[in-house]
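Structures follow.
In what comes next, subunit A is part of two complexes: it sits with subunit B in the first one and with subunit C in the second one.
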Partner chain A sequence: MVVDVVGFLPHATIHLPGPFRYLWLQPICCANSPPRMSPEQILFWVFAVATVFSALGVVVLKNPIASAMSLVATFFFLAGIYVLLWAHTVAALQVLVYAGAIMVLFLFVIMLLSINDVGPAVQLSFSRLLGAVATAALLAALVLAFRKLPTSDLAWANDPARLASFGSIKEVGAIMYTQWLFPFEAVSLLLLVAIVGAVVVAKSRI
Partner chain B sequence: MTIPEFTMADFWPVIPAGILTAAAIVLMISEVFLGAAASRTYQSLLSVLACVLAGAVALMNMTDTPRAVLQGYAVMDPFSSFLTLVVCVGTGLAALLAAGFLQHRNAERGEFYALMLFAAAGMTLLGLSNEFITLFVNLEVLSVATYALTAWLRRGSRPSEGAFKYFILGAFAAALMLYGAALLYGATGTTHLTDMAAKLRAALAETDASGGHPKQMLIYAGFLLVGAGFAFKVAAVPFHMWTPDVYEGAPTPVTALMSAGVKAAAFVALVRVFMALGPAVDPQLPFIAFSVLALLTMVVGNLLALPQRNVKRMLAYSSIAHAGYLLLGVAALFAVGKDAKVGVLSSTPLVGISGSMQSDVYQGILFYLLGYTVTAIGAFGTIVALERREDETKGNAWDLDRFAGLGSRKPGWALAMTVFMLSLGGVPPTVGFIGKVLLFRAAVDAGLLGLSIVGMLASAAGVYYYLRVVVYMYMRPAPEGALVPERRWTTELALVATAAGTVLFGVLPGPITALLQRTDMLFHR
Partner chain C sequence: MRLRWNVIIGSLTIIPGLLFGGVATGYLLGGLADKHLFVGAHHLVNVVLLLLVFVMVIATALTLAERKWSAMMQNRIGPNRARLPFLENSALSGVPHVITDVLKLLTKEAFIPKDASKLLFNLAPMLAFAPVFALFAIVPAGPTVNVFGFDIEMVAANPDFGLLYLFGIASLAVYGTSLAGWSSNNKFALLGGVRASSQMISYEVALGLGLVGMMIAFSTVQLGGPAGMSDLQSHYLPGWSTYLGPIDVGVPQWGFLLQPAGFILFFAAAFAETKRAPFDVPEGESEIIGYFVEYSGMQFGLFMIAEFVEVVVLSGVLIAIFFGGPYLPFGNLWLKSLFGPDWQWLYGSILGTVFWLKVVLLCYLQLAIRWTFPRFRYDQIQTLGWKILLPIGLANVFISGALILWDPSLKALAIAGGIEILVLVALTLTPTPAKSRADAHIGHHGPVDEHGHGADHALPAGHH
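Then we have the complex of A and B:
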C-alpha cells in the first residue's frame, strides 16, 4: 500500500541519521572524493531542511491561508522523514489525516471566516527580547546535546523478517491493541473530552 | 502476537475513573431529553453521587497492596488512591457549588458537569500513570476539560482572555513536557518509568572515545523540559504568570476545581516521575531545582498576594504560595546528606532523607493536599455565594468591599469564611495548621531548616491578607445599597461541609494521618 521509497534506492543501508552530525562533513559531490552520503542521508536532509523552512513559514507568513498551506507542506515533509524512519503507517496516516483531512478543514474555516486583517505588528518589548534569548539558549543547548550523540546502526538492519513487518499496519495494530491498551483507551477518553469541549466552546451562548 | 491477560486486580485502580466517566456520559445523554427551562439540580446531585461512589472505591483501594497494573502502564498504590479520594472530594464539592452558580446565570447544562467529571477522571488517571505517554494523554484529558470549562461563560472580556491564555500557555507547556519525555526516550529507549531509571543510569555512564558522557546533556535537557511542564501545571514561580488571569476569568466553581484538583493531580504525577527517575541522576540536581522553585514560589506567591484587593485574585496568588509549601515537601524528598555541595538556605548541615522520613514527607504532602482542597473550595464557595450576575462585567465583583459587613448580614457565611481564611493562613485549630505542621516537620527532619523558616515567615506574612478579609467582614459596615445575597441550598450545603471538614480534620486529624502512615506509599518497581 505504501510505496517503499527506501527500498528502490541503491545501497540501501539504514542509518539512523543523527541530526546535525553530518552538517560539517564534506559536501555530497566533490571532484576528488567519492560521495560520502547514502541516499537516505540525502533524502533526510532534503526533508529536514524543507520541514524546518515550511514550519518557519507557518509562523512568519502574514496571510493565514499561506500559513495554513505552509503547515500542509510541513506535514508532507514530516511524512517523508517518517518513511526514512521505516514508519510507513505513520507516514501514510500523516498525509491522509493531517495534511488531507484536518488541514483542509482548517483552510475551509479560515476561508469561511474570511480573515482579512493581518494582526497587530510585532513590537519589540523586554519580555519578547527575554523570550528570544531564552529560546536561542534552549536551541543552543539542544544542538550541543545532539552533536555529542553517537550514531549507531540499527541492531536489526540486516534482519529481513523484522524489516518486512516493522512499521506495517498489521504490526502497529497488533502492538497498539495488545501492549498499549491502556494508553489507547485513555486517548479515546481524550477524544471524547475534546469533542465535548469543542462543542461547548463553539456555542455562541450557553 | 501475545494477547494480554487481565484480571480484576488490574482494573480496581481505574474503576473510580470509570465511574466518573460513566456518570459524565449519562449526564450528556440525559441532556438530550431536557428542555431549556427544565430543572437541572439533579445533575449536580448525580455528579456528587458519582464522586462519592468513586471516592468510596478509592478509599477501598487504599488498603490494597501496591503493585503495577495494566501491563505496567499504571500503578495501584496508596499515593494515587488517596489522590483519587482528594479529587473526588474536590469535584463533588465544586459540583455542588456549580448548581447555584449556573442556575443564577441560566447556564446550567449537563455538559458542564460532564466536563467536570471528565476532568476528575483525567486527574485520577494522571495520578496512577506510570508511563510517559499514558501520563501525557491523561494530563491532556484533564487539561482539555478545564480549558473548555474556563470558557463556559463568555460574558465580558475576562473569561475569554483567561480561557485563551490558559489554552495557549497550557498547550505550550504540554508540548515542552512531551519534548522532554521524547528526549528521555531517545536516551533510554523506553517510556516506562520503572524501567527508565536503570536505563538512565546506564546511559549516563556511557563514555565515548574522548572520555566524555555523550548522553548526559540530552538527559538533563529532557529532565529540564519535563520539569518545566510540571512547574507550569502546579503554577510554580517563575511559571505562574497565567494563574491570576485564568483563575479570575474562569467561573468560580471551576476555579475551585482548578486550584484544588488540577494542582493535586499534577503534584502527584510530579512526585511519581521524579521519584522514579531522580535516583538515576545526581541527587543534588533535583534537590537544588526543587529547593529554588519552592523558595521562589513561597516568597513571590505571598508577596504578590499582599496588595490584592480583589479576593478572587488574592486566592489565586495564595494558591501559588501553597504550591510553594508543597514544593518544599518535594524538595525534602530529595534532601541529600552532609556531603551536599549546595544547600539552599540551610544553616545546619543537612541530614538527608531516609526511608521513614520519606513516608513522613508523603504523609505531609497528601494531608496538605486534602486540607488545601477542602479549604480552598470553601473559600471559593463563599465567593460563589456572594457573587452576583449583575456585576460580572464590572470587574469589582470580587472586591474586598463585597465582604464588608458580612458578619452582621450573613453571620453563618462570615463564620465559614473566617474558618477558611484561618485555615489558609495556617492558624489552629484548622486543617491548614495540621497540614503545615506535618509538611514543615518532615522538611525540618530532612534538614531543610533554612527553607522551612522562610516558608513559615512567608505564611506568617500570608496571615495578613487572609485576616484582612476577616477584618472587612466583622469591622467594616456594609456599603450603602449592597445587594442582598441570595441563598441557595446547594451552595450552603457545600459551605457547611467544607467548613465542618476544615475544623473537624483540624481537631481530629488522627484517622487521616493514620490512613497515610504507611511505608509503602509510592510503588517502586
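Then we have the complex of A and C:
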C-alpha cells in the first residue's frame, strides 16, 4: 500500500507492525528483483538505533543536564517510530507532553538544584539487585508479548477507508473519549492527586 | 514632521509588489514541480520559499525596522551611517545596515568561556532557533488553487494534528534559552535562563487555553486544507451574507470576531513566549544582560534572529487562526470568479499577498507594543499569567463551549464576541479617573508640581 505519511513523503510503503519479519529485507517490487529494504524499514532502523543509543546516553552520561537532553532525544526518536507505526497523533502527543512539558520541568529542576557535583548516587546493592530483577522481568514480558503477536496481516490491513482514518486525531480522540473514557478520567484524577500532594508537601516546608 | 512622499509611495508599491512576485513564483514553481517531479512536490518548493525566503527575509528586515522604529519612538533618526558603493549620498533609509550587521556578526570571534560545557554551549543557539523556525511549516500562506492541473497548497506540511504540532514545537524553544543560561558557566546567564524558562512554562498554559475556543468552534485542530481553520474563515456566518452587485459581503467567521477573548489570551501569552518587552525579564538589559550574555558572533546572532523569526511566525499563526488567513473579509467569491480556470494562480497570488501584508501589519503592531510598554516586574508577569490569563481562559472555554452547544451555527458565539469587542473598546476609551492618574504621577515622578506632565519629558537639546 502506498501511503502519504505526513503530507509530503512520497511513496512510503508502510506495513502494519507484525513480528520481526517486516524489519528486514523483503521483496518490495517485483517477483524477479532481489529483496530490498523499503524506505520505512530504513527509517525504522535509523530511529531504532538512535533510540537505543540516546537511551544509553541517559544512563551513561555523567552530567545530569546532558543525561536529560539525551532523554529528550530518545523521546524524539521514539516519536519517529510511532509515526512509522501509523500513530502520528501519538507521536505529536509524545513530543508535546514528554519533550515539551515534562522534560522542560526536569531540566528546570536540575538547573535550580544544580546537582552537577553529586557523585554516583546509588550505592545500595539491594536496590541494584531489585533493578536487575525488574529489568529481567520487563525483558521477559516483552519477549512473551512479541511471541503472541499475530503473524498475519490484520484483517483490515487492505481496507483503504479504515487505513485512511487509522491513527488520525479524530479516531484517537473518539476512542479515548468513548471506549476508554473511564481510564482516561482516572489517570487525570491521579495527576490531580499528585499535584495536590506536591502543593501540600511544599506548603509544610515553606 | 515632513512627509517624504517618495519613501511612502515607494514602500506602498515596492512591498506589495515584492510579496506578490514571491507568492506568484511560489504557485508557478509549485505547479511546475508537481507536473515534472511528482505529485506533492510543491510542498518542497513551499519549504524553501515560505520558510527560507519569506520568513527569513521579513525577519531580517525586522532587525532594521526595530532599530528604526525605536529611533522614531525616542525621537532619534536611527541607523543612517552605512552606505552602499556609488550611492554614498543616500542613506537608503538605513537598509545597508542590514548588510553591515550580518557582516559584523559573521566575522566576530565565536568565544567560548572557560569551564563552559562546550557541546551544550554550541547546541543552545541551534535549539533556540530551530523550533521557532519550524513552527511556520503548518501555517497556510495562501489558498489552495489549481495550477497546471495540480492542486497547489501554499503550506509546507498539513498534518491533521496541526495545533498539537504548534504547541509541541513551540514548547521546545525553552531548551535553547535554559541550556544557554546553564552551559555558559555564568551566574547572570543562569539567572536569565531560569527566568526565561519559568516565564515560558507559565505562559504555555494560557497559550493553549486561548486556542481551545477556536478548536471547539471549528471542531478541528488543522490549519490548512479545505477543512482547516484558515479556509473555514473564508465562509460567512450562515444567513448573514448577501450580494452587493457582483460582490459578496457578509459577516465572515473570522476567529477575531468569534473569539476576541481567545485572541487576546493567545496574543498576550505568545508575546510572553517571544521574550520581548514588556515581557523581557529574561534579557533584563539593565541588570543581568540575559541568558545569552556569554555568546558572541553568529551564535548571539542566532538568538537575536530567532526572536525576530518568532515575531514573524507569531504573526502568521495569529492571522491563520484569528484574522481569516489569506482571505479578505468580503468579496472572496467575487475575486475568484474574476479569473478563469487557467488563471487561478493569479487569484491565489493576490490572496497570498494579502496574507503577507497582514503579517507585516501584525509585525508592525508587535514592534509598536515592544517600544511602548515598560517592562513588567517579575511578580507581575507571574500574576498576569496564573491569576488573570488562566481564569479568563478557563471561563472563555466554558462560555464558548456552551454557546456553540446552544447554537452550532456560531451566530450566538459571534454575538457574544461582538459584545466582548464593544466592552473592550469602551474600556479603552474610558478616561482614567483623575485620582488614579494623580497616584500614578506621584508614584513615578514625586509630588505633582505646577509644571504638570510636559515639563519633565522635554528632550535634552541636540538629542536626535
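Definition applied: the second predicted complex is superposed on the first by the 131 of 206 C-alpha atoms of A that agree within 3 Å, B and C clash if a C-alpha of one lies under 4 Å from a C-alpha of the other, contacts with A are read in each partner's own complex, and residues count from 1 in each chain.
Everything that follows uses one rule, which is that a contact is a pair of C-beta atoms (placed from the backbone, for glycine too) under 8 Å apart; a residue touches a chain by one contact, two chains touch by 3 or more.
Here the structure is a predicted model, which is why all the values come from computation and not from measurement.
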Looking at A:169, would you say it contacts subunit B, subunit C, both, or neither? Reply first, second, both or neither. second
Does the superposition put A:107 against subunit B (first), subunit C (second), both, or neither? second
After the superposition on A, what does A:201 contact: first (subunit B), second (subunit C), both or neither? first
Identify the partner contact of A:96: answer first if only subunit B is touched, second if only subunit C is, both if each is, neither if none is. second
Applying the touch criterion given at the start, work out whether A:133 contacts subunit B, subunit C, both or neither, answering first, second, both or neither. neither
For A:145, is the partner it touches subunit B (first), subunit C (second), both, or none of the two (neither)? first
Partner chain in contact with A:189 - subunit B first, subunit C second, else both or neither: first
Just subunit B (first), just subunit C (second), both, or neither: which does A:60 touch? neither
Who does A:52 touch here: subunit B (first), subunit C (second), both, or neither? neither
Residues of subunit A at both interfaces, subunit B in one complex, subunit C in the other: none
Note: in the complex, subunit A contacts subunit B through residues 141-142, 144-146, 148-150, 174, 178-183, 186-187, 189-190, 192-194, 196-201, 205-206
Across the complex, what residues on subunit C touch subunit A? 38-41, 43-44, 117, 119-120, 123, 156-161, 164-165, 167-172, 174-175, 178-179, 181-183, 190, 193-194, 197-198, 201, 204, 221
Can you list the residues on subunit A that touch subunit C in the complex? 4, 6-8, 10-11, 63, 65-66, 69, 72, 88-89, 92-93, 95-96, 99-101, 104-105, 107-108, 111-112, 168-170
Of all residues in subunit B, those that touch subunit A in their complex: 1-4, 14, 21, 28, 70-71, 73-74, 107, 109, 111, 114-115, 118, 121-122, 125, 131, 133-134, 137-138, 140-141, 144-145, 147-148, 151-154, 163, 183, 208, 212, 214-218, 220-221
